[in-house]
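One structure, as structure tokens, below. Some questions next.
Going in written order, the chains are labelled A, B, C and D, and every chain counts its residues from 1.
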Amino acid sequence: MTASKPMESAVPSVSIIGASGYSGAELTRLLQRHPGVRLQHLYAFSQAGKRADELYPATGCPMTYHSYEGGLESDIYFLALPHGEAHSLVPALAAAGKMVIDLSGDFRLKSTDEHEAFYGAAKPADAVMTYAMPELFRKDIAASSTVSNPGCYATSIILALAPLLLSPSGMPAVKSVACTAISGLSGAGRSAKTELSFAEMSENVRAYKVGKHQHTPEIMQALGTSATDPSFAFTFTPMIGSLVRGIYSTLTLSLDSPAETKAMKEHYQEFYREAPFVRVRQEMTEVRHVANTNFCDIHIPDTGRSTSMVVISAIDNLLKGAAGQAVQNMNIMLGLDERTGLH
Amino acid sequence: MTASKPMESAVPSVSIIGASGYSGAELTRLLQRHPGVRLQHLYAFSQAGKRADELYPATGCPMTYHSYEGGLESDIYFLALPHGEAHSLVPALAAAGKMVIDLSGDFRLKSTDEHEAFYGAAKPADAVMTYAMPELFRKDIAASSTVSNPGCYATSIILALAPLLLSPSGMPAVKSVACTAISGLSGAGRSAKTELSFAEMSENVRAYKVGKHQHTPEIMQALGTSATDPSFAFTFTPMIGSLVRGIYSTLTLSLDSPAETKAMKEHYQEFYREAPFVRVRQEMTEVRHVANTNFCDIHIPDTGRSTSMVVISAIDNLLKGAAGQAVQNMNIMLGLDERTGLH
Amino acid sequence: MTASKPMESAVPSVSIIGASGYSGAELTRLLQRHPGVRLQHLYAFSQAGKRADELYPATGCPMTYHSYEGGLESDIYFLALPHGEAHSLVPALAAAGKMVIDLSGDFRLKSTDEHEAFYGAAKPADAVMTYAMPELFRKDIAASSTVSNPGCYATSIILALAPLLLSPSGMPAVKSVACTAISGLSGAGRSAKTELSFAEMSENVRAYKVGKHQHTPEIMQALGTSATDPSFAFTFTPMIGSLVRGIYSTLTLSLDSPAETKAMKEHYQEFYREAPFVRVRQEMTEVRHVANTNFCDIHIPDTGRSTSMVVISAIDNLLKGAAGQAVQNMNIMLGLDERTGLH
Amino acid sequence: MTASKPMESAVPSVSIIGASGYSGAELTRLLQRHPGVRLQHLYAFSQAGKRADELYPATGCPMTYHSYEGGLESDIYFLALPHGEAHSLVPALAAAGKMVIDLSGDFRLKSTDEHEAFYGAAKPADAVMTYAMPELFRKDIAASSTVSNPGCYATSIILALAPLLLSPSGMPAVKSVACTAISGLSGAGRSAKTELSFAEMSENVRAYKVGKHQHTPEIMQALGTSATDPSFAFTFTPMIGSLVRGIYSTLTLSLDSPAETKAMKEHYQEFYREAPFVRVRQEMTEVRHVANTNFCDIHIPDTGRSTSMVVISAIDNLLKGAAGQAVQNMNIMLGLDERTGLH
């Protein structure tokens, strides 16, 4: 199957490579009940032989994990692998005309220098695919057969800044952004680390990778600038806290001229008028409002007329920040309503 | 007892007015085992007749709460009352020569205008007492018999900024500060509110009072400027999250000239060289490092040479942010080692 | 619409009375996306005028709450009201031939004496509807137009005991059951109580109503005996802990003759062979395995041959313990696959 | 120093072997501020070279961990090692006349068969030391120089049963006990396991080792019977839940004749009249009442006159269940008030 050739006789088949991590489990759950596709294979190297509902009983999915040995039976492949592992798999899938949605960071950055600087590893110069943020690049995604799904922090932060950076008309220019974001611990993956144990992380908050997180160049690139030569100062402090799901980003913006909160809100609402999953809300945003959903909720607290503005943005890191957005992208690529299977 | 008249025959007696809230319970716990004072009365209007160890069994304190009817038997009075209730009690205590440590916001701000703007209530023009941040104003505290204990967010944030604002020699000037701080839910007090229930706040984060929190003028005043006419832009986003104790403040500073993280750290360490409860640490700060202690931990992540700098500061909101700091202040006022009873 | 009169022209319409509590919100979420019905009205007295997605943004449901004034436009009514409030509403709905699924305790007990003893309030002698535990009474439910949805603890405990009590052939008799069950705090409803605040219940466990919980007579009745004249000793200790969703019941059974764990497991598996939502699992049951699902997971730990046996049972209190089971019952009453809309 | 030789010139010195685990950290915290001893060395193999306040900043203890190489400089040794590691160290310490308090299971069981069956490892036949449950065996402890500190579940459960089993006069006989206990995750130690990660254990409950936990024979032995030939049926289901500290045990007792709850409570209160850390309370017991304290709180819910009785018992697993009880034992061995250093 290719994106340009519509399916006629049957619903397309889909497989997940890297199905046993947290994002893979969410993909499993979403795709097995998705009305527009048929879930065919679950590939998971380390868990091969186990059933999905052994590892994730809440999925209720009785399928068995297998090692991926290069099979090409499915029409669509989701890759939910650790960074660095998708590089070698995508070329064969693409060559066979498969639809590919990659959830890793491997194909996000155009700059191989920035990739190397932030991921600490080289990557092929041609390892770039359509950056699949549906609210910003819907047409590109619809025209692509291989796409790179955005990072979780990046999703939350890009959506909070895009209306000012990508549609600046009539708005003050952004001089600097100070961003803190607190992430749920599922973001660290299904891992065995002392510092991620319940005994260490209950009732705790901890920052990490301050100013060094790999989503920084991704954010800058999506907003039309770069981490290397930025059009505005961007300081990013990621944190983990006592929650499993969710990213709560707080952005303090310094503007080059005063803005009214009210006008800003209207600008944001207009920008996302046709985006079913982005809600610019009057009420304060909370993690619980978006947990277990594909929504991104954005709130601009009323601080009157000022050159300083706060934007708050929340998502579920495993859904809008990973598996949900990936399914949203698949829907767009298949020509379906982008909400299909995502309620 | 008066502050100017040293105690000879016996350890001073101490009472707590407003002993049944969370700060009051921590004061009860600390003072009943404090070697330098004798805990005499626990006053708590709504809980009068109950014992402390009924309401707070972990204190193991068998004393009974009474309504405060104006008694003057003790040498020292801690007031841990809701904002607005201490104004009427302090004058009589002060007139009787009592040592008073007030934990509310009633006596913190010099500007009655700022008080009215941020607390939404007027206050007497003379309702100002020594602002008792021990690390900054130790001498003033030692010379005072009535003091105002700092707010919880304010403590965390002031200590994170003081080395640059109060001892700027050789350091770049601070142009703006974007501050987010996540607080434990004990900070909201012992209250019956749907939005603070476990079912609403587990696995959640929520900002509130963005740009409007009453600790803002307190922070600016302590740093030698004011909220009304600030020497640097200060944008403050307080948040609550899924923890009971702790405040985790992240400050993104914009400087007027580039600074080296390393030099900044040394400046901070030198500034707090004689402060036993402020630790400028090489390792990343976490809430758990300070929970149930009187420490304020500060960390400056290494971001190299830049005009942007991040400072992270953590305290236990009920201890260094309230009861612990109050006891620290009492120790200073009594001429004791400031660590007495605070391990 | 009546149960005996099949719907022809259109999908049946459904309304929720008491839609703004936690169970009501889950019903809202499930029914708005249910393919076999059309969600028509949300009734909620105290929240009338608000939208569902204001109070529960995660539902994404834009419908407005109204006060219920006796309307009869819908075919199906779910009642998710506090105990005691459904008594007066059901007769008119039933008289009008509506399908009624009541989630309260008002219509569960046949004995008005037991109802009065455990609920502390009288009830009409005829206030009894089909006890709608699908795995046990599927045929009765299919033949009913008004049913009473089981309680949350009751669901978890009845399903853990039914194979021995309702299908005892070849199994030892149960002499006594000691049951402890830990419930998530959503079970206490959306309420403003100090003792349910995050600050009080984080990292906490507390038993309550020991030996007095109102689900006790319901459990005994469903198992063919009664709390007043029990065929086996039943001691029930409910608890609340630091979780929002879930009930985890541990039953220690004393048997009149030794049983092999293996044989017991097979008996349970056979008993639930055709029940899509009850899983008798080889692996240990956990709350997370059933959270956000309609499953009841049962595990019998291998303790060899003994007269003492442990059965562990877990559900999501808001789904299998309330809204999910209610939808499951509606499906049965409508002649649909009972899994419809419940994945 | 030996127990029979009083200290004259100086406070005794104390060292901790295995200081870097959670119990070791609590010992560090308690002993560094204990007025009756001087903390001398912290031994921790895997963390040697680090400082205590690096690994556990909340202790504020600047001492460095060293590998234990057989030193004998201290008067008192606490051993907080994984099971099986103390066997080889104790003989040399005892031979040198040191006071030894071992927190592992190595020296608790008299029966080597039961030790082998429940710990899965053999042990020397003479590896038995005084079982140091202060409330039951205070005199034996005072006369011993080497003692074995009880297990955490065992402490909670033994204290809940001792008044009936060890002082049965006038009380009905206990026929069977069904016990469930939920433990905080610090009980699993400072470890890197996927199944103990925050992402897996937040909002979760999971039973384990049902009927097989190694504290079972310890409980039976302390109560004057044995797991091999028990005088009453004892079924034990340990669980872990979403808390760091605490054990909450619920015991459902079947008695041979009816008892009044009131008489039972008085019997318990009388039994523990002189035990400063055991509180038989009128109010319901909660984990938070004992967290961060050395208390064991016991509550007997009022279930009237019955042959079935529930006893609820709560402790902090790291304090009364480990380090706190160990210090309590040291106090008794040194002839100090047993509350010294434990508030």
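Rule of thumb we're sticking to: a residue touches a chain if its C-beta (ideal position, glycine included) is under 8 Å from a C-beta of that chain, and two chains touch if they have at least 3 such contacts.
Every value quoted in this text rests on a predicted model; they were computed, and no experiment measured them.
Trainee: Name, by label, each chain that touches both members of the pair chain C and chain D.
Mentor: Chains touching both chain C and chain D: A, B.
Trainee: With chain centres set to the mean of the C-alpha atoms, which chain is at the far end from chain A?
Mentor: Centre of mass proxy via C-alpha means gives D as farthest from chain A.
Trainee: Chain B to chain C: how many Å between their CA centres?
Mentor: 47
Trainee: Roughly how many whole angstrom separate the Cα centroids of chain B and chain D?
Mentor: Chain centroid spacing, chain B to chain D, equals 37 Å.
Trainee: Just how far, in Å, is the C-alpha centre of chain B from the one of chain A?
Mentor: 40
Trainee: Among the residues of chain B, pick out those that touch two or more other chains and give their numbers.
Mentor: Only 184, 200, 202-203, 242-244, 286, 288, 291 qualify.
Trainee: Report the residues of chain A in contact with chain C in the complex, numbered from low to high.
Mentor: For this pair, the touching residues of chain A are 33, 54, 57-58, 60, 202-203, 279, 281, 283, 286, 288-293, 295, 297, 343.
Trainee: Within their complex, state which residues of chain B touch chain C.
Mentor: Touch list, chain B to chain C: 22, 184-186, 188, 190-194, 196-203, 242-244.
Trainee: Which residues, counting only chain C, touch chain D once they are in their complex?
Mentor: 176, 178, 180, 182, 184, 200, 203-208, 210-212, 233, 235, 237, 239, 241-246, 248, 250, 252, 254, 284-288, 291, 301, 303, 307-308, 310, 312, 314
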